[in-house]
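Two complexes are shown next, each including chain A; its partner changes from chain B in the first to chain C in the second.
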Partner chain A sequence: MKQQKRTRKGKISRLERNEYKYGFLFISIMLVGYIVFLIIPLISTFGLSLTNYSLINGSQYVGLENYKTMLTDDPTFVRTMWNTLFFSVLFVPSSIFLSLGLAVMLNKNIPGVGLFRTIVFTPYVTTIAVWGIVWKFVFQTDNGAINLLLRQVFNVTGPMWLYNEHLAIPVVVVTAMLKSMGMNMIIFLTALKSVPKMYYEAAELDGATGLKRFIYVTLPSISPTLFLNMVVSVINSLKVFGIIQIMTEGGPGTSSYVFVYYIYQMAFKKLQFGYASAISVFLFVLIMILTIVQWKMRKRWVYYEN
Partner chain B sequence: MKIKRKYVSLILKYIVIIALSAVIVLPFLWMVTTSLKPYSKIFVFPPQWIPIPPQWSNYTEMIAHSHIFLYMFNSLKVAVLRTGGVVFLACMSAYAFAKIRFPGRDIIFIIFLGALMIPIEVITVPLYLGFAKISMVDSHLAVIVPQMFGLAGVFGIFLMRQTFITVPNELMEAAKIDGCNHLRILWQIMVPIASSTIFALIIYTFFQAWNDYFTPFVFLSSTEKYTIPVALTLFTNEVGTDWHLVMAAATLVTFPLLVIFFIFQKKIIASLAMSGIK
Partner chain C sequence: MKKILSMVLTILLVFVAFSGCTQQSKSPSSSVPSTAPSSAASSDNNEGDTQSYDPVTLKLLMTGDTARADRFASIFQKLADETNISVEVSLSAASELPTKYATEIAAGTAPDIGWFMDSFMMDFMANGNLIDISAVKDDADYKYNDIFPAVSKLGQYDGKVYLIPFTAGARCIYFNKDIFGAAGFEDPLTLYNEGEWTWDKLFDLAVNLTDKSTGTYGLSLLNYGNPKDWTVLYDFVWAYGADFFSKDMTKAEMNSPEMISCLQRYYDLIYTDGAHVKPGDQITFESGQVAMCRNQFSFSKSIQDVDFDWDIAPLPAGPVKDAPVGTGVAGYSVLKGCKHVDEAIEAVKFITNTEQQSELMDLFAPTRESVLNSDAFLNASESKPSPEGRKAACIDSLENLRAFPSAPNMNDINTKMKEIMDYFYAGSLSASDTVAKMEEEVTPLLGK
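Our next item is the complex of A and B:
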């Protein structure tokens, strides 16, 4: 009896060992790649941020010097921070508002919706360079479509959109928003379609219609999607780069510098790898905080999801 | 009264829809017409929507002045290889996380998910220096590989795991009794079952890679290795205000993808929505 149990146990552990082998084998490539291309670079970013590594002066440990310079003695960094914040503050609410509004509007099928959905989605599948270049063309100072329209029809001289320090970021925000609007709309639309019909019926029995129904029934039901979409939008706006590089190159002056653009400038134009790493760490911490907040909140919401 | 209000709201809806459609479609149309105009007629207002006669020579001139087809090939190569890598890695790892028991499985999965907060922009400096050390900065490999193991790959694992988990264990047990090992279960049973998720992952990763601007912009320095987004920016800077040539290039690179999108749009939109929600 005892003997039998032991062999059975031995057999199971051999099976288990076989399972372990397959498990690790299946994740092995990913695991190695993850360590080499993600974990080590991340640790190196922290390490580099404590040095003054540049192509010219080699590498020396300088402690928190870079962070000190960044936060107290670098007007460009401060400007960059405000610019990125400005971008986010413009981009996130307007993007969410517009795409959610559209989704609510299109939730009840009306003729022609299919075509509209395709049109709104087109920018998403268009490469960012084309989208950025076309809109740069539209917003040109002398001969752009908008200023031509203003001049010829309304007899007004339009502003120098992309060359005006107050307008450059808003123009880029509009362009970026139009590009991602379709995707966000579809995500909201899917969430709206999954709200159980009986909620609405119950609300109707209680006499809630229109805006009331939206606030008390729709919004709570789609809150996980709404929140996820919001956090993703914030993170995307914190790491915006391509559309800025294409449309303004950070200009005029530094008036549309954003985090990633400044990292790029510092690392690959001025070859100040240490300082660029310090900015990277700053950005990473911001994104990490946002992600963790989102996870915590999502856990709280799982209750509602069930 | 009620009926009247219904009509008003319907009309308002159509106004919004048509206005937004115009905002999106008109720039595209302008791009195409500009690409077919002589330089002197680009800025005439009101714009001539159908240029007569269309100046097709813009295209031949643009093609002669740039390596546009090479850039398109590069973009395609990078996107296809990265997508292939992501799908392969995601299927393997997701299957292990969903269906194989091994110590530390859930911890490793959570550590992998950590990649969702490490965008490549944040670790570019050491990546660049590392690739430079092995003289690989200016290579397509540098553009393809890091993302495979970073955000894109981990997202793929997450997406595939969600699907694999829903496959009943009985199916696997049956296969095991028939003598299948995990490798065969994965490729012969799981992958066909999860084919619509895999399709979604392919579409999502492909468009991400096709749109990728930052990595090729930072890593690639020789012109002949450029991908479309980077090449287009460079081209714009080179020809400057020759907008008719710039627009010809933009139209040429947009056209094939838009055609594919229009043909498969129902499936593509559904796929992207699926990957966006998960």
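Our next item is the complex of A and C:
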């Protein structure tokens, strides 16, 4: 039976109204879950950030006091902010560069390519706890695999990788990158396979070298995927926690404190939920701003065929 | 028809989704209806307690593994057989206990009884999250005064009892007899008996027993804990006349020449001599690669099956005669929100009475004088530690026992101390800069 179109301007038919009703009914469970487990906690966090709520001490309204302390009287917060940005600046470009490079290399039909793809992807399916513990062993000062290799093969005394203020974050970045590159590589691989071969043929006919084909054909064609990976990587880098908790516990000192770790410390170790909520709100706003900026820039960065 | 089917499916989905949220676990209780009344009379500070002989199930939160939980369950079965009280044991990692208690108290789902340690118990006592259990003193059969006063005092706040310690005692030096034998050095217990067991000697032995070719280290003061546990240095610095804080925890005292000298010596042992396991390295005494380590008495239970011979000795002496020897403490408390306070107090009294402390003395150094001084403790069924080692390490040091400092905001103080010690270990701060930074940053937290 043909659907009835709108009978009068602005009015929807009874049939369409019924269809909307069933549609909402089916998504209601997801919607209820979204509201209960995301929206309500988000609003509660905003509310808690205006109090000095401590789990064992009760709560009092303090207005914007937490934000004022955070921005003017908390050197650990400032350090945390710089550490997190440092982590993101190191992690995002190198993660994208590495996974794109791997995807280009593995985008060939050569014998064993499936095995290599599996090897690269395997770290991604390993749990973060296991990954972090293993790499913590690898980066031990005296008995870690890396320093043992340096000592026995090159006769060089390796540094205290995880007990050095300047090396702690780069080491964690490398560890995190090795874990996440598999998924990014798969996403890039899919994008590379969707680039029409005729573009490459046309470029070849025009005399473009391999590098020029990559820059002028491949990159623009996969730019939507590149943009997606970049946005997701930025968000994930700002939310990093597990690998920091396992490998460095924010140390040495506070040199690898990142936002989520600091929130965890304030909320669950110092039991200052109000202050931790204020930092959470700050992180939320920061991620939102960065995402909006990237979204606005996509018109300049991203090539859409249509 | 399609509409009816859609409605039915949707209702079913909603029902399934929400039925999981409302389900409450009904774990089987091991309680047996008792014919004998509970010995405690109902008190004024009951929170909803009803005087009845109905079975009462209490929840106890503690640390350990499943073997320990099973052992405690079988011990509490004795209580269940004799009274209307049964106890369900649940486990948590020691480092997560304060968080778990705080979140569960806030959520109203706190256990009835919990283990509390010196590092965070004051926070909970001072904030009214524990119930006054001073009634234990009134029970002559319980013999509260049998618990070492230096230790029982820690469970009191504002003149009231909030915690009954079940373990305390000086840390010991565990030594690998095979390494000592192979190197031809006298072991710490022999040196102690000869009156020559000093910190200087310990440091010398650590250097001499280190063998880089076999990956053997002379010493680890950090065993069991991670490098962030700065309290491992207490006994060492006290032996040299230094201290981190005043006894009443109102002043920072770490910025002294003695403390700087101690820290420098410790740093040199790690990085110059290479005789101490590096912070962050996962080399432990039980691996057989460490000649000596500092640890609690309860550590002995977990290394009964190692493939080398070992024993324990007391902590060494320093230049300061009769310097105190540090002790941590762990104890049982009844938490706010407990609905059966009298029964909970009975359960706490049961598990910390003379009989049960004797039963558990292979796990924990007892806090009761009568148990610690008994032949049963000295000649326990386990072959190690030796009776001589037990006497030297656990009993001889009792006279100079001093509890590790504690304060209501010990959590904040600990966090700050750990951060600064990290920089010390990383070499970013010299010994003198470390103590200066500690003094500057910890002083505002003291006396609060």
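In the analysis below, the second predicted complex is superposed on the first by the 267 of 306 C-alpha atoms of A that agree within 3 Å, B and C clash if a C-alpha of one lies under 4 Å from a C-alpha of the other, contacts with A are read in each partner's own complex, and residues count from 1 in each chain.
The criterion applied here is as follows: a residue touches a chain if its C-beta (ideal position, glycine included) is under 8 Å from a C-beta of that chain, and two chains touch if they have at least 3 such contacts.
The model shown is predicted, which means the values in this text are computed figures rather than measured ones.
Judged by the touch definition given at the top, the superposed model places A:26 against both chain B and chain C. In the superposed model, A:48 makes contact with chain B only, not with chain C. In the superposition on chain A, A:253 makes contact with chain C only, while chain B stays out of contact range. Number of chain A residues touched is higher for B, counting chain B against chain C. Of the two partner chains placed around the shared chain by superposition, chain B is the only one that A:34 touches, whereas chain C remains out of contact. When the shared chain is aligned, chain C comes close enough to touch A:164, but chain B does not.
By the touch criterion defined above, A:263 reaches chain B but does not reach chain C. Contacts of A:56 after superposition: chain C is touched, whereas chain B is not reached.
By the touch criterion defined above, A:137 lies against chain B and chain C together after alignment on the C-alpha atoms of chain A.
Touch criterion not met for A:207: it reaches neither chain B nor chain C.
In the superposition on the C-alpha atoms of chain A, the part of chain A touched by chain B in one complex and by chain C in the other spans residues 22, 26, 29, 33, 137, 143, 268.
Partner chain A is touched in their complex by these residues of chain B: 10, 13-14, 16-17, 20-21, 23-28, 30-31, 34, 42-43, 45-47, 89, 92-93, 95-97, 100-103, 105, 108, 111-112, 115-119, 121-130, 145-146, 148-150, 153-154, 157, 181-183, 186, 207, 210-211, 213-214, 217-218, 228-230, 232-233, 236, 243, 246-247, 250, 253-254, 257-258, 261-262, 265, 268-269, 272-273, 276-277.
Chain A makes touch with chain C in their complex at residues 22, 25-26, 28-29, 33, 55-57, 136-137, 140-144, 160, 162-165, 249, 251-254, 265, 268-271.
Remark: chain A residues 16, 19-20, 22-24, 26-27, 29-31, 33-34, 36-38, 40-42, 44-45, 48, 102, 105, 110, 112, 116-130, 133-135, 137-138, 143, 145, 148-149, 151-152, 178, 183, 186-187, 189-191, 225, 235, 239, 241-242, 245-246, 259-260, 263-264, 267-268, 273, 276-277, 280-281, 283-284, 287-288, 290-292 touch chain B in the complex. Listed in rising order, the residues of chain C touching chain A in the complex are 3, 6-7, 10, 13-14, 17, 98-99, 102-103, 105-106, 123-124, 127, 129, 215, 226, 228, 274, 277-283, 411-412, 415, 419-420, 422-423, 425-428.
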